[in-house]
Amino acid sequence: MKRSILTLAALAAGAGLFAQPALAAVPDAEVVSGGTAYILNTLLFMMGGFLVMWMAAGFAMLEAGLVRAKNTSTQCIKNIGLYSIAGLMFWVIGYNIAYPGEFNGFIGGFSGIYPMQGVGEADTETGYSVASDWFFQMVFCATTASIVSGTVAERVKIVPFFIFVTVLTGIIYPVVVSWEWGAGYLDSEWAFSDFAGSTLVHSTGGWAALMGALIIGARLGRYGPDGKVNVFPGTNIPLATLGTFILWLGWFGFNGASQLAMGTVGDVSDVSKIFVNTNMAAAGGVVTAIILTQLRYKKADVTMALNGALAGLVSITAEPLAPTVGQSILIGAIGGAIVVFTVPLLDKLKIDDVVGAIPVHLFAGIWGTLIVAWTAAPDAGVTFIGQLVGVVMTAVWVCAASAVVWLALKYTIGVRPSEEDEVGGLDHAEIGVEAYPEFARTT
Amino acid sequence: MKRSILTLAALAAGAGLFAQPALAAVPDAEVVSGGTAYILNTLLFMMGGFLVMWMAAGFAMLEAGLVRAKNTSTQCIKNIGLYSIAGLMFWVIGYNIAYPGEFNGFIGGFSGIYPMQGVGEADTETGYSVASDWFFQMVFCATTASIVSGTVAERVKIVPFFIFVTVLTGIIYPVVVSWEWGAGYLDSEWAFSDFAGSTLVHSTGGWAALMGALIIGARLGRYGPDGKVNVFPGTNIPLATLGTFILWLGWFGFNGASQLAMGTVGDVSDVSKIFVNTNMAAAGGVVTAIILTQLRYKKADVTMALNGALAGLVSITAEPLAPTVGQSILIGAIGGAIVVFTVPLLDKLKIDDVVGAIPVHLFAGIWGTLIVAWTAAPDAGVTFIGQLVGVVMTAVWVCAASAVVWLALKYTIGVRPSEEDEVGGLDHAEIGVEAYPEFARTT
Amino acid sequence: MKRSILTLAALAAGAGLFAQPALAAVPDAEVVSGGTAYILNTLLFMMGGFLVMWMAAGFAMLEAGLVRAKNTSTQCIKNIGLYSIAGLMFWVIGYNIAYPGEFNGFIGGFSGIYPMQGVGEADTETGYSVASDWFFQMVFCATTASIVSGTVAERVKIVPFFIFVTVLTGIIYPVVVSWEWGAGYLDSEWAFSDFAGSTLVHSTGGWAALMGALIIGARLGRYGPDGKVNVFPGTNIPLATLGTFILWLGWFGFNGASQLAMGTVGDVSDVSKIFVNTNMAAAGGVVTAIILTQLRYKKADVTMALNGALAGLVSITAEPLAPTVGQSILIGAIGGAIVVFTVPLLDKLKIDDVVGAIPVHLFAGIWGTLIVAWTAAPDAGVTFIGQLVGVVMTAVWVCAASAVVWLALKYTIGVRPSEEDEVGGLDHAEIGVEAYPEFARTT
Amino acid sequence: MKFIIAIIKPFKLDEVREALGAIGVAGMTVSEVKGFGRQKGQTEIYRGAEYSTNMLPKVKLEIAASDDIAAQVVETIQQTANTEAIGDGKIFVLDLASATRIRTGESGETAL
Amino acid sequence: MKFIIAIIKPFKLDEVREALGAIGVAGMTVSEVKGFGRQKGQTEIYRGAEYSTNMLPKVKLEIAASDDIAAQVVETIQQTANTEAIGDGKIFVLDLASATRIRTGESGETAL
Amino acid sequence: MKFIIAIIKPFKLDEVREALGAIGVAGMTVSEVKGFGRQKGQTEIYRGAEYSTNMLPKVKLEIAASDDIAAQVVETIQQTANTEAIGDGKIFVLDLASATRIRTGESGETAL
């Protein structure tokens, strides 16, 4: 499905009515003037935008809560830094690559810096303010980068991390977006469907994170000889909980505003249906994760419950509108189950994912994308094969590109801190500011 | 006052104008088309909804900050779990009980799962999207459950707690709602008035919490022999402060969107008046609590200031529109005073309320409900007796039903952890994840 | 530029069209009815209002994270208390002073308590609900007070602090506002331009803070003999990070809603452009602060990155609409640089600013105000001299008035706690509630 | 004089302190420690991975006492801190060569 | 050799450390403890209920010193940490049988 | 019996504990301390101001051991905790007059 260039059909329905009252085709209860629709569409982007921007804080808190105290300041600066870089890069180059207009379907749009609108200008033909659209698209780009920072936490120096983010948000992510929301190959050839980005945003972040985890390796001492997994418990669970609630809240913007319009009664109704489905998928993920850990381990692991919420949210993101409430709960619940089973699996494979971002964003993202083949409206033309092609293409491109960048960094400036710095904590080595300097820490 | 089934009078005023421009009864400056009004009403529900959803995070942080470190992870999982359960139960059964349509006025609506709207469908006759309404109602249901978790913290196992929440959100709360917002007995017979739920939401949660506190008993060692009260200070005051600010913010949605419409100039003006009154009542509660604790104890107890804000908010919730600003401040201030005096009172009665939810939600909720008899518009027909009947009926039903559930749990699967588990902390016994594993704790 | 009394020109364009369809001057795609515009304008104020209200939580968290543990509860109560007092004072006296209507241009409006609108009343002539406007103005007033609390943290007793806030929010700040947004001297004589308050809000807070820091003096032991600066690291960096993200989010309301209208396509487009510029200035501030501290100290100081974000935001606040994106980034970046260089400078001068509020709000505020002379639309008549006059007048008035109040407090009830209380921490001496009672603290 | 070091379970602290107060011990110094011994930590699960916390939270008391009451102090602690469960802790007694009160400079038993 | 244990008020730590440095003490080990003694804690109010914090925060220094300077160490601490207020703390001296430096394995006074 | 106090670098704790377990040490008590010695802290920058953290985090082990194995305990710690870098820490040995197991009341070496 294309995104960003809103078709004006719906809009015209309301606005046109005014122009030609004689038509009288639209019932009174559905009349919306053209200007009003423009304002409401723009408002949706702005509200969605600030809610998704707020997710940057959610990732920051989630990650700060799940790393060890000695790396917490580093995680904070990484998160505020990556959000800033994403904004700059998406302006300098990213948006034009993501939405290139006419192009070869694979990559295009290198026309440089994005021209924002002038004061008082309103692009009434698109039906919304282009600046609001840009803002909304930009925060999605930042989300992708946030995903990576969680997985590779505690063992990447900040400079190479920020360089990776620069490439990810300037090029890797925008290229994926161009294939689908930018009306490229996946959209035109495969009727690939990814409403709000289970694949485009979440899996992209997830693949980039996975390549990072593989190339950078696990944290020192994380995996012992004979398959022993050494646990490094997160340092601040309420903070991680807060982060999850922030993300949940932000997701109403993420999915809801991906309707891209609320200037008609139909659109606004759909946005509210998306709110409900989004919420219920998350609820399904939480409850499933609690029940499964309780049954399996006799304890309800709170970090899994938090991951369960996020997995439910990621799962419904590819299609939050079409499913019934019951389907949404189920989709989210399966997302939650995926997390409970794949988190330990990654440990078996010695893939060290500090916050569980790969299960949550990548695995649940794939699940959410594939299931669209069943939940989408029949006439939408969504096929399982089409969805799979989208998943695979994204995997190949993001893995390849990310690997190149991570490897280049590894063999030039180096990605990891020295052993001593890693043991002593990145906060000492890289930031110089302890996160909790006054609290005595246990050994 | 009925809720949810919006009367269309106001809406028609604007929309009708369009249909019959000849009437010309509505001045230009008040013209709003039918479709626009629908969108704006829906938007109000969605914004109110996400703000109240955010209150779930507020309760989580407030409670996580006021329990002891050894029970903090448990409090986190309880809060994210209860929010999820509330959503599921309100869909499976709760909403239909709360809004049964035609019924006996006491209980009805067992028609099962709530059918959400289809894609692109817009229920233009109600004047807003039904999904947005459902979402908004659902988060109120979750709020009720949040109240309970605070009071009975640190001594209830998670499984019985979640079972209690299931019944509370599926049945107990919806029945109360049906009497009033569902147009049942209290609404039709007594002109009972509870704008946004001082009684329906806050007192209901408060009574359920009180029964829990009574039946479960106090935390081990909380009350010594000769009336000695052992203090268990909250472990993280900034977190509790954050929680309070979140709740305050969310309350603009709670009270503001309870106007149920902003598709007319009158409605939106009223919403903004509600914002002001809500804010000022909270301010009154804070200032009163600070002054009273400063005078009484020579120190300004920050936890009382936080409770004061919440008590102010609960107090104004039954009628946040009609009072003048001055009245609102006064109503909130008295709410704040109630907290300062009743928190120690509960301790005298050996009722162990960990976060002060009973003073805040129950006592201030009753106060707020009764005072409506004076602040309501004279023609609204609100009487002191009517308000009292509402308070008492709610008390009787919620106490009876909650007691049955708590007692059934107590004598079947058991509600409390073993002494050893309680002393060692629920995080060890039930979750397996310490909240702050790296911080050395003082004895 | 005047503020609050919206000119109705734009509004009329849309509404008028309806009244006289014959004119047909407004293209279909820009038609907005009068009532709709009223609602949307009001909605902008309400959304802006709750976002800025949320900034109170941001300041609370930022400050709670940057003080030492022993003063954290105090910082929490100060923040929730000051927000409450600001609301009360702005109602009792502040608003009328800020917006006096006809007056001498310097001070007026002592007509007392602000009359809020009645139920169902809509002031369609102003084009928005007056209550929504009041709410939006009130939260700006509270922001000013928040700024002060950070600078003078850890060494001011709560009673004198609250008295200072009372005067600041009741008189000092409203007078400054009246000169400009209240259409007084600066607006009418100098075409002074301060879109959202780099000078009116931020510098005012900054000057009041500076006078506090000078008159109250530094924290005990902060500055040793021979120019030695003793570092008192902030106790909780993730909390400070959270606070910064909250402020960043709130700033979309702060700057965006300062457009004062979104009832036309032009206005809403401008609001979205403001969102973009605001975000990019903050991003510029963050990246600059990270790069500069990395280059200068070989470590990227996270607290500077946080201050950098805020400095970027303050810098763009005086004119977030007119600049291009590139200009906005630059303006924010210079704000970030100002912070990195002036934070140590203040220490050299032995001005003890606990959270860096003076560099962020005062210095970046001045910078942001002056640069408007270049970025403003040419026909706006903004001159460097005019801007300078505004900065200087604000400086003189706020410094003089603040100094009088601080000195009066110092020589009457006293501002500082006893040495023993300061060493032991204000939480013990003034609140009686430790912020983190269970965590062992290092020496 | 003796310097008595006792490792006890944290929740016994108040009781022990009161019992010692009753036999005339006027002061002590307390710290939080982690103990490693026969008592094994719980096996916990964190994100699907098992781990055992073999360091258990304990409280350490340090009490300087005159030779007269040292034996009684040991006995009192032993009896009060006893729960008959593994991990109740230990009491170690060392010889104390001298004690000084900082405030007054006085030393010997009067300094205790 | 002596093993000196001093309990002092936290805010005196820096001063004491500097004074000891001045008389040639090259190392020490510091920990945070809670003290119980003649000095009574403040009575606090939390949510309307009174409670007294009778455990006060103190800092414990542990210093291994040669017999030569042990007396001087005690005296220096006693004088520097003294505020003449109750609760200033105590200095305990124990005999130290042996000391070993981990890095080099050397033992005796050179290990200090 | 001996009372052995060892100050080591925190990251060596697990290794030392395992090595001691291997030679039959069944229990020990661990606490977090700050060390001051030849090893100098890093110079940090906070908001443009330099400061040196001259107190470094260390771990303190306290082990009561019979005279038989005391020497071996010291040796084991010295070898395992050794990184040949400055700041590796110290081992102090004091005489232990008596030891009591709280749970059983038994005393002497069987109490260890």
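To keep things simple, chains are lettered A, B, C, D, E and F as they appear, and every chain counts its residues starting from 1.
By our rule, contacts are C-beta pairs under 8 Å (C-beta built on N, C-alpha and C of every residue); 3 or more make two chains touch, one makes a residue touch a chain.
Fair warning: this is a prediction, and the values are worked out from it, not measured in the lab.
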Chain labels contacting chain A and also chain F: C, D
Partner chains that chain D and chain E have in common: B, F
Equivalent of A-F within the choices B-E, B-D or A-D, defined by over half of its residue contact pairs recurring: B-D
Approximate Å spacing (C-alpha centroids) for the pair chain C, chain E: 47
Inter-centroid spacing, chain C versus chain B (mean Cα positions, whole Å): 32
Length of the line joining the C-alpha centres of chain C and chain D, rounded to whole Å: 53
Of all residues in chain B, the ones touching two or more other chains: 33, 36, 43, 47, 233, 236, 242, 297, 299, 301, 303, 432-433, 436, 439-443
Sequence positions of chain F contacting 2 or more other chains: 30-32, 34, 44-46, 55, 94-95
Full enumeration of touching chain pairs: A-B, A-C, A-D, A-F, B-C, B-D, B-E, C-E, C-F, D-E, D-F, E-F
Chain E residues within the chain C interface of the complex: 10-11, 13, 30, 32, 42, 44-46, 57, 59
Footprint of chain F on chain C - complex, ascending: 229-231, 233, 293, 297, 299, 301, 303-304, 340, 343-344, 347, 356, 442-443
Chain E - residues contacting chain F, complex: 3, 17, 26-31, 62, 64, 94-103, 105, 111-112
Complex contacts: residues of chain A adjacent to chain C: 15-16, 18-19, 33-36, 38-39, 42-43, 45-47, 49-50, 53-54, 56-57, 60-61, 64-65, 72-74, 76-77, 79-81, 83-85, 87-88, 91, 113-114, 116-117, 119-125, 127, 129, 131-132, 134-135, 138, 158-159, 162, 236, 239, 242, 430-440
Residue numbers on chain A that touch chain B, as the complex places them: 14, 26-33, 36, 40, 43, 47, 51, 68-69, 233-238, 241-242, 244-246, 248-249, 252, 256, 262-266, 268-273, 275-276, 279-280, 282-284, 286-287, 290, 294, 297, 299-303, 305-306, 309, 321-322, 324-326, 329, 377, 436, 439-442
